[in-house]
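Contents: one structure, followed by commentary.
All chains are identified by letter, namely A, B, C, D, E and F, in their written order; residue positions are counted from 1 within each chain.
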Amino acid sequence: MPTLHVEFFEGRTVEQKRALARELTEACVRVLGGSADSVDVIFRDVKREDWATGGVLWSDKAAAKPASS
Amino acid sequence: MPTLHVEFFEGRTVEQKRALARELTEACVRVLGGSADSVDVIFRDVKREDWATGGVLWSDKAAAKPASS
Amino acid sequence: MPTLHVEFFEGRTVEQKRALARELTEACVRVLGGSADSVDVIFRDVKREDWATGGVLWSDKAAAKPASS
Amino acid sequence: MPTLHVEFFEGRTVEQKRALARELTEACVRVLGGSADSVDVIFRDVKREDWATGGVLWSDKAAAKPASS
Amino acid sequence: MPTLHVEFFEGRTVEQKRALARELTEACVRVLGGSADSVDVIFRDVKREDWATGGVLWSDKAAAKPASS
Amino acid sequence: MPTLHVEFFEGRTVEQKRALARELTEACVRVLGGSADSVDVIFRDVKREDWATGGVLWSDKAAAKPASS
């Protein structure tokens, strides 16, 4: 039944999403019990211009230095 | 005042969204009372590669068998 | 696969939630097809002091006139 | 630590997002204390065909009269 | 139409929520235009045991040093 | 920067949340790179009467058979 919504910067590959979905699901089963089939993981790609930390868009920060995640 | 966020696989037509928004709103009014104008419905299309159940992306499941919703 | 998050003011009864979950699910199946079992509905009760419209908390509006939903 | 998710109709410029992120962050710091760096703001552009009020998609309302926000 | 969901640690007073709702709404109107009445702000109090940064619950960090927001 | 929202049935212990936050964060770092400090995990406990699958509240299903997650 656990449902995970994961927001991160756009640019992840399908291979990364595939691996992450599997590992997050395994972590849920390991810690919470239950079956893997009851775990949903939903990703949302966020553009750097749609995420701000400290009041500054990451697309603007990135002009100065690359953001690592 | 009820606000509904609806996540489903991308590929729904505008006709489906139009009908679903109307029916969900009518259900809220019927059950909760209040006016239809106080109900907001927000849809989010999710790609099959962005949704995993049981640790497997639906885009990978779909390679084996088509997903029905 | 559709997942609905429903936010509304606290105070709904379990009977209302039961009826609303059933009707929202039926609407999804009717419009989108698929099986009822693939539909999840998650409610969140929100206190009037945690919801503002027009910059005013509903707990403050309620002091002047009762909010109907 | 405050995290704000902001949903609005698509069509805002990066300049508007930049200004809004800054002002929302400043409001949090002013009212809650803490540092600006602990505030995250995440925007989500919503198409008018993905948002309904009163059971009617805004893309349909817009055919009759332009929606102002 | 902008809808803001604000998550922060539990413990804010109603006075802080009242002020924050007003200031966030004013910021939206100032930057985006439109009327204040079209802005919804929804708060969610999160317990320190329900929020982790760096893999550590804030309720555990707090044992070492107080968290400022 | 990844932010995970995890919804599950209420009743998890702090020990489970602590372990799950750590494991989910480690999975993000392993698959996506970046530092653990950039990962936020936010839990939300959902009552069985606030979650329906197939149009039936889990609090009603539970009367017939216990739900395992």
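We adopt the following convention: a contact is a pair of C-beta atoms (placed from the backbone, for glycine too) under 8 Å apart; a residue touches a chain by one contact, two chains touch by 3 or more.
What you are looking at is a predicted structure, and each value in this text was computed from that prediction instead of being measured.
Participant: Figure out the least number of contact steps between chain D and chain E, where 1 means they touch directly.
Facilitator: Steps on the shortest route: 1.
Participant: Per the definition at the top, count C-beta pairs in contact and tell me whether E-F or B-E has more.
Facilitator: Between the two chain pairs, E-F has more contacting C-beta pairs.
Participant: Compare the contact pairs of A-F with each of E-F, D-E or A-D and report the one sharing over half of them by residue number.
Facilitator: Checked against A-F: the matching pair is D-E.
Participant: How many angstrom between the C-alpha centroids of chain C and chain A?
Facilitator: Distance between chain centres, rounded to whole Å: 27 Å.
Participant: What whole-number Å value describes the gap between the mean CA coordinates of chain C and chain E?
Facilitator: 21
Participant: Considering chain A alone, which of its residues make contact with at least two other chains?
Facilitator: 3, 7, 24, 35, 40, 42, 51, 53
Participant: Sort out for me which residues of chain B touch chain A in the complex.
Facilitator: Those residues of chain B that touch chain A are 7, 46, 49-57, 59-60.
Participant: Looking at the complex, which residues from chain C come into contact with chain B?
Facilitator: Residues in contact with chain B: 1-9, 12, 16, 19-20, 23-24, 27-28, 30-35, 38, 51, 53, 58, 67-69.
Participant: Quick check on the complex: what are the chain F residues that touch chain E?
Facilitator: Listed in rising order, the residues are 14, 17-18, 21-22, 24-26, 35-37, 39-45.
Participant: Touching residues of chain C toward chain A in the complex: what are they?
Facilitator: Checking each residue of chain C against chain A gives 3, 40, 42.
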